[in-house]
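There are two complexes below, and they share chain A, which is joined by chain B in the first and by chain C in the second.
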Partner chain A sequence: MIRAVIVMNTQGKPRLTKFYDYMPPEKQQELIRRVFGVLCSRAENVSNFVEADSVFGPDTRLVYKHYATLYFVFVFDSSENELAMLDLIQVLVETLDKCFKNVCELDIVFNYSKLHTILDEIIFGGQVLETSSAEVMKAVEEISRLETASNTITLVPKSISGWRS
Partner chain B sequence: MGSSIMDSLFQRSLEDLIKGIRLNLLTEPTFISKSTDDIRREIKSTDLHTKSVALQKLTYLSALYGLDMSWAAFHVVELMSSSAFAHKKIAYLAAAHSFHAATDVSLLTTHQFRKDLNSANPFEVSLALHCFSIIATPHLARELTPEIFTLLSSSKPSIGKKAVAVILRVFSQYPDAARVCFKRLVENLESSDPHTLSAAMGVFCELAVKDPKSYLPLAPEFYRILVDSRNNWVLIKAVKIFGKLAPLEPRLAMRVVEPICEYMRKTGAKSLMFECVRTVVTSLAEYESAVKLAVVKIRELLVDDDSNLKYLGLQALTVVAPKHLWAVLENKEVVIKSLSDADPNIKLESLRILMVMVSERNVAEISRVLVNYAIKSDPEFCNEILGSILSACSRNVYEIIEDFDWYVSLLGEMSRIPHCQKGEEIEHQLIDIGMRVKDARLQLVRVGRDLLIDPALLGNPFLHRILSAAAWVSGEYVEFSKNPFELMEALLQPRISLLPPSIRAVYVQSAFKVLIFCLHSYLFYRETIACSPSSPDNFVSESKCPGSDSAIVAADCQQDEVFNPRASNQSFEDASTEDVEDITVTHAQIPNSASLGKDGFTHESIGNLLNLIEVALGPLSGSREVEIQERARNVLGLIELIKQELPGLVKKEGNFEREGLKFPKIIELMHDAFSKELGPVAANAQERVPIPDGLILRENLGDLEMICGNDQLPTSSSFSFGIPHSKEKVGLPQSKGESSEASTESTSLLAEHRKLHGLYYLPSEKNDVSNDYPPANDPKLQDNLNDDAKDLVKLTEQSLLQKKKPNHAKPRPVVVKLDEGDEAPIAAKKLELKEDLLSGAVRDVLLGNEAVSTSQSNLTDKSSSKRRGKEKLNTDHPSGPKEVLGDVGNPNMGNPSSRRSKHHGHGKERRHRSPRKKEKEREENGQKDKQKSSHRHNRHKSRQRAEGPNNVVTQTPLIPDFLL
Partner chain C sequence: MGSQGGFGNSKEFLDLVKSIGEARSKAEEDRIVLHEIETLKRRIVEPDIPKRKMKEFIIRLVYVEMLGHDASFGYIHAVKMTHDDSLLLKRTGYLAVTLFLNEDHDLIILIVNTIQKDLKSDNYLVVCAALNAVCKLINEETIPAVLPQVVELLGHSKEAVRKKAIMALHRFYQRSPSSVTHLVSNFRKKLCDNDPGVMGATLCPLFDLIAVDANSYKDLVISFVSILKQVAERRLPKTYDYHQMPAPFIQIRLLKILALLGSGDRQASENMYTVVGDIFRKCDSTSNIGNAVLYECICCVSSIYPNPKLLEAAADVISRFLKSDSHNLKYMGIDALSRLIKISPEIAEQHQLAVIDCLEDPDDTLKRKTFELLYRMTKSSNVEVIVDRMIDYMISINDNHYKTEIASRCVELAEQFAPSNHWFIQTMNKVFEHAGDLVNIKVADNLMRLIAEGFGEDDDTADCQLRSSAVESYLRIIGEPKLPSAFLQVICWVLGEYGTAGGKYSASYITGKLCDVAEAHSSNDTVKAYAVTALMKVYAFEIAAGRKVDMLPECQSLIEELSASHSTDLQQRAYELQAVVTLDAHAVEIIMPSDASCEDIEVDKNLSFLDSYVERSLEQGAQPYIPENERSGMINISNFRSQDQHDTSTHTLRFEAYELPKTSAPPRISPVSLAPSTELVPVPEPSYPVEMHHVASVPSVSDTGSTELRLRLDGVQKKWGRPTYSSPASSSSDSTSHKAVNGVTQSDVSSTSTSRTRDSSYDSRSAQAEISSEKKKLAASLFGGPSKTEKRPSSTSHKVARSTSPAVEKSQGPKAVASSTTGVVSEKAAPLQQPPDLLDLGEPTVTSSASSVDPFKQLEGLLDPTQATSAANHGAVDNTKAADIMSMYSEFPPSGQSSVIANPFTTNAGDANLIPGLSTTNKTGHAKGPNPRDALEKDALVRQMGVTPMSQNPNLFKDLLG
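== the complex of A and B ==
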């Protein structure tokens, strides 16, 4: 399964973190720092895998991709295929690109909750559930519609609120 | 109330917060703590919108800035119950981020989860499932199993796939859920929705990795998917599952090897191709043709420009290497070139492959080339290389080492590599070899001397542990030393003040041993040798080759253990002359310039030695380190005694007159004590010592630790049990011509050093010991990496193809091995209780145990099912151990299923997965009504009863029809 997804910039500031096993926040920060320590020392054009046993425990691998100012990092175990994970990062980035039209770091900074919505459509509890960015987009749009709808409803008295009826 | 309205009106949104943080980059911590104060106020608001925004901000800060948010758990639960989707989403995200096993309020979410899982809005269900997949506790999993069970056959694919995926968490928290949900999970393998199928395969892959045996009966399903599916994600999972199942069932392996090879040949997806390759080399390695194909594919990966593929190719090669060395040979050029790749992953992986190739035939050559690489590499990779050489060579008590003289010299050489940080490991091996391999001791002492004598090494803290080992070895095996005086000077040189106290203590102790040795030799042997009838041989040895004297002394020492010189002086003399002859033969050709002269142990030289020690150790007697102080004082005390009596020692007709003198006796006692041999100690030796009565080991020793913390000795060997010396002559290993060269070199170094610091024998001042020495060994940078690569290619060609062992000039020396427990005992693997429970439950379901029907039929009656679940948990505990698959055929082997089946009247259904039967089940399971399902199980039961007697006869086929 996938253990964690981390998006951080090239200065090591995390932009999105999702751990599929509970991890106390301080521990998460420490892991992110250590991952950054490894990534920033790596040259361009080298392989995208990093041995993560020392950071995340036995039977863990880490794959990352570097886009502009961002690192996309997936941590996973032996139940996943390394190259498939690399593809999955591609899927995530493509989806973000479609969502935000030429995604850049600022989009990711300011759309924290939308990012989670997108990620949750692709990965569920550490399992890959969707790999088509079109499908992800469809679901995300619908969820956003629901969100805005429910937000405007809360401004009127609760008794009326009601797609649920 | 007023403040609450103000909060809602002027609340910062998450976006405001993010902007704020970006604007206050320099004062970020203050800004965040101020925002947290705002959040703490806002989150208490009665207005749910205000609360939700506050919680959203808090989650953001917690996830990205590591803020603690456990205090807000109750607010999360509150917001979960909001009817607004936006609030729910925020709350579920916050819960997924911050709830864990110890969050007590998660108990309060049970009802909300149930409500949302039953919601008509699929997106709400999905939110709840998401959160559930991360935070479900055993309690939640047990309570909500019925809801998950229903969702497993949801008509909406977007829900169905998530319900399937959530099963993983449910099973891990509450294994008994398998009794309820497992069949439906299996049905999802036949789902028409590709996403659901993919999710189901994902779940089975995870389950099979943990406990493959339990899922063997599902092999036909997986096989169908392996053959039929066109989805690469699904195929990867299927291949992974078979990678786990195939080693358990050879017939299964035979069946799947063909389809897997087919995918390997034809697929365009590199990910699937690599998965097939990996599965073949790990799980199907005995299928020659499949492995050949896999190696062809590995080669494709290796020559690819994409470094990812190259890396994975090398990884696969590492797996193939132990069983199929030819695969590495075919690709050796790529492997060796990869050693100088820019990518650290690739370098490391190729190093691993090389280490797999190492055998007794080629260890010397490979190590030579690797050490040359190490000298030129960056510090990190350098130490990787050294580490792998050390671990490969010491594997299984130095199994692959034939020539210990070579290996010991290599250890010495490795110590001098500037980046070397493997001090601890080298220290351990030097001492370990000393204790285990008698024949290596001469070389050990030489290497140790060269290390000790080089003042430059003392400046490198990474080498201190090695120097400690060198000092210990030199002291313990001083009888092999060519020049004990020189050794003593090295042990007492002023720069040892750079060493940490624990190691200086070892130095002092070693100096003590050397002193005792010198005195003992002086008192007891010089005269015997001198007055022994001088045979021609002896004469030759003394005139031509003065170096052999120390060897004679060495031999004498050994003699000492055989014959007590006082008791049988006569025979001793005879034996020693014989020995001298022996030694002369081996040593006659070798000129030993740096060794002790004929008159090494003279009255004068001993006097000088005593002075040297006194001057060097004098200041240490006031040391604040108790270990140093005590040892130094012991030595000084002895010297004082000797100095009082030494003038009384007069030579009389070649023999010493020593009536009335105490110290020769003391020396003899000390010498006897020191020449008792230390042997290796089994790792479990301590365990075998019975604990004496009245000894309380569990008491808190915290205060003791504080007192003793400082004087832990670095050499564990100091604590070993003395193994009575086996009374035999030490065979003197041959010495090599180049060693004398090396020793002259370092002697001149020492001489230079003496010139530099005129006050060599005086205690040094602090300024004197600054680290002004050049590094011990400058890397030879002019060497070309490619040359090395070529060398290695060549040598591996030779050494790997060479089938015959080269004839060694001498046989492999004896290496002392302990019968048991050379390695630390591997702690017995603890069986994971939950996994066990799960596999028990899964097996029950797969083997059609009636337990399924009992808990399933009780689905509607929640209270009773709950109780039952608890009971089951209890009863399953004692019957933990995983049974072997074969045991399932024997119903009375005491596994949970069989035990329960006895209660239910031998209702084991073995031929469970026959296709006809499966169809029937599917029909039955298709009915989603709970009552009907319980009814179905009644039918099920009755049929089982009918089949009961047959089952007793047909016991074996667990994967029926399909394989036979």
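== the complex of A and C ==
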């Protein structure tokens, strides 16, 4: 099963964390820090896999992918296939890209709950639920539609391009 | 690029995110977040907050917690939000609680009811949100509360809901398998769901179930195979394609399941061959996901009953992976290789260059994976190279976790396959030096035992060589700074035990070194203790040998310093040393026999040697000992003791009145007078009062003695914990016996034997090893009777081999014959203990005629004892060469099978079969002490996995890859 999904930027700031087994917040922070430490020390052009049993306990690995300013990290155990997990990251990113049209770090920061919605459509309780980004998009759009239908909350337009950190 | 915005961001929130993004330091960020927390705390409790605002607060809380700050003050508001009717708010509430709470949180009880209601909702999104929360928040106790609803949802009209309901049930299964066992049939039913997505989801729980118990699901093999076939043939809707692959994730799951079901089941496996073969052919190897499926196919092929065609296909894919430029694929290739190597060992050699490349790759992940592969393919022929590589790598890394792992692997391999004891010791030294305290302390024990026991055979000279080489290497290393504690202990022990044994080093030299160690590690009591005991041994051996002992001044000052040490253990050892030095040669020899760490120590548990003393005391009016269970008023005490055995009766409440101190004199003196007389009989048991139950008679002495003492030293008692501790009268009364200074009556008896106690605990362990080696010898003599007499024929056939040695052997037949004969040779060679040297004998090719002679010669040998003896002489001459052959032999494929094929005499096939087995017995037996049987099995296993060498291999890597 998948143990955790972590999205963090290249400075080590978490942008999205989801642990499928409960972890107290302090433990989460420590794990994020250690994962970041591992990722930092890895050179370019090496494999995307890291054995993570020193961080997450026995029988865990970690697959990461580096996109612009973000690391996408999936932590999982031996019942998953590394290459397939790498593609699952791809699915997530493709979906985000479709959703936000050229996704960047800020989209992720400012659409925190939407990101969770997307992730919940892809991974459910630590298992891969859906791998077609078109299907995920459909589900997410349906949710947004119904959400807005049940509410009349005005949406603040995204006008944040000048606020890059 | 307008955001579609999942929620309305207010200016405040945007400002917060922005300022955190701009924060220069962690401290600044913390300050911002703390300020935010203050704001939230204040505002979240305001009455009549608009719902939209409230939702934003909750999201801000989640954000704050993600940054590592405590947001628990807002949990209750998130819980409240799940009750809301609005879908948006409800979903936000569920999101927040799944992130905030764990399944055992107090607030869960407030959510369960909401979840129950939401699971019945008409709106499928509400149901999905509730199912999502179920996965995270329901624990074993609350499962029954929601289980009926979840099961009902398996029949929901929306496939998204059915999918999630299955996943939720899977989660329940993970949490508490017993709660859903009656529902397992639902998983089987859902496998036939109309929607492929639901079917795919069902594979997750089924995989878990099958992993636990494959046999109950064998009937599903056909279904899985046909599903996989349909998927591979693109019968699923286009929407399931991913990068032009038909539903790859479903394929991967199915292949994993098939691997489990087909493992060790020929019939089931045969059903799978076609479909797996199809996937191998069809799979697109250019895309990442295609390779993922291919890798899964290899895993499946290596797990199910082997099929030559599939293995070939798998080997092709592996070579493609390894040749790829992508590190990911190389990684997968190495992993796949280590799986496949179990079944077809020969494929490793065509990839040896690729493997070496991976080993030298800068990518750590890849390197570690490669070490794992090497670890799995280690055998006696390549162990030196592999372990050397591992140690080099171990030295180069800083990650303690991995260092520990690789160190333990080095140790394991070295213990299993060590070609010689000398090499073993050298290797252990390196491991200790660099991984030191990360290594399990047992390894140190094993090493000491190996040095002490030697080869376990009657070959004293070799043992001496081993020991002196160990001593030399330690004397070289000892001066180095920062040696780990465990290693220093080994060094001290070996120097004490064997430092002066060879006569090469003088006692003063060794003791000087030992003093240096103790001084250099003055903060480490254990090392100091080892050093002092080693000093005592060295001096004792000197005295026993009739030489005069001149204690070095630094040694004397060390002992003086230690006799005032805070550690009572060190004190005791120091006093022991002083006492031993004053004794005469005869007594010392009995206390400290040289090289006797492996001897059994007889323990007189009844303490019969005390009988006369007890009688004398009784005559003088001492009270007779009352066994514990007969004592009245002590019931509570015995209870108490079970909790805290340490201080037994001395610390517990006593209900009877104290006696008058008038009879104190005799018992107090007597322990002192007793000590020298009993000194020669080691009594390890009563060394600490912990073992009170075993030593029934000793407390009778100390009990009576200590009650009186207690009266007078009431204040001291409390201060020192153990009342008998301070009895100055007895300490001053006898200056020759240093033990009395301690005053602890119990330890009086034990003090002479502390060092022995340790040794004896070794012995009990080594005795076991002795037994198993005894068994091994027995087995060898039982089955090896005829084979012993084969010496002659085998060595002659070996000569034949040598005369034709450069002959090229390519075909399988002669090779097999060669292995069977070399097997014979190695059996004989094993006890000779010669480490394989570098003499190159070439490939020992034996013509089949030579081997066909064998059986007759065997019979001859059986009938003719004189020939056997002459063979022994012959063997002695030939031993180096024979040992060489042994090393050659280990490079050959499993000889058991091949010799059967090769040997024309079926009646002798059994004999021939036994021989290689025996050879391994002996070989591993002397290669390492601890567990010959395990090692034997492992060795045999690895041999089967071993790689066959080919003549066209580049010589460079020959040693590594066979």
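What we mean here is this: the second predicted complex is superposed on the first by the 152 of 165 C-alpha atoms of A that agree within 3 Å, B and C clash if a C-alpha of one lies under 4 Å from a C-alpha of the other, contacts with A are read in each partner's own complex, and residues count from 1 in each chain.
Definition applied: contacts are C-beta pairs under 8 Å (C-beta built on N, C-alpha and C of every residue); 3 or more make two chains touch, one makes a residue touch a chain.
From a predicted model like this one, the values you see are computed outputs, not experimental measurements.
K.L.:
Between chain B (first) and chain C (second), which, if any, makes contact with A:53: first, second, both or neither?
P.N.:
second
K.L.:
More residues of chain A in touch with chain C or with chain B?
P.N.:
The partner making contact with more of chain A's residues is C.
K.L.:
Is A:130 contacted by the first partner chain B, the second partner chain C, both or neither?
P.N.:
After superposition on chain A, A:130 lies in contact with both partners, chain B and chain C.
K.L.:
Tell me which partner A:78 touches in the superposition: chain B (first), chain C (second), both or neither.
P.N.:
After superposing on A, A:78 lies in contact with chain B but is clear of chain C.
K.L.:
Between chain B and chain C, whom does A:40 touch in the aligned arrangement: first, second, both, or neither?
P.N.:
neither
K.L.:
Looking at the overlay, does A:28 come into contact with chain B only (first), chain C only (second), both, or neither?
P.N.:
both
K.L.:
For chain A, which residues belong to both interfaces, chain B and chain C?
P.N.:
On chain A, the overlap between the chain B and chain C contacts is residues 1, 13-14, 16-17, 20, 22, 24-26, 28-29, 42-43, 45-51, 79, 81-84, 86-87, 109-110, 112-113, 116-117, 120, 124-131, 139, 142-143, 146-148, 150-151, 153-154, 158, 163-164.
K.L.:
So in the complex, the part of chain C that touches chain A is made up of which residues?
P.N.:
Going by the criterion above, the answer is residues 1-10, 14, 17-18, 20-22, 52, 59, 62-63, 65-70, 86-89, 91-92, 95, 99, 102-103, 123, 125, 132, 135-136, 160, 163-164, 167-168, 170-171, 174, 197, 201, 204, 207, 211, 239-243, 248-249, 252, 256, 288-289, 291-292, 295-296, 326-328, 330-332, 361-366, 368, 399, 401-402.
K.L.:
Using the touch definition from the top, list the residues of chain A that touch chain B in their complex.
P.N.:
It is residues 1, 13-17, 20-22, 24-26, 28-29, 42-43, 45-51, 78-79, 81-84, 86-87, 109-110, 112-113, 116-117, 120, 124-131, 139, 142-143, 146-151, 153-154, 158, 161, 163-164 of chain A that touch chain B.
K.L.:
Please output the residues of chain B touching chain A within their complex, sorted ascending.
P.N.:
Residues of chain B touching chain A: 14-15, 18, 22, 48-49, 56, 60, 62-69, 83-87, 89-90, 93, 98-101, 120-121, 123, 129-130, 133-135, 158, 161-162, 165-166, 168-169, 195, 198-199, 202-203, 205-206, 209, 232-233, 236, 240, 270-272, 274-275, 307-308, 310-312, 342-346, 348.
K.L.:
Looking at the complex, which residues from chain A come into contact with chain C?
P.N.:
Against chain C, chain A makes touches at 1, 13-14, 16-18, 20, 22, 24-26, 28-29, 42-43, 45-51, 53-54, 79, 81-84, 86-87, 90-91, 99-102, 107, 109-117, 120, 124-132, 134-135, 139, 142-144, 146-148, 150-151, 153-158, 160, 163-165.
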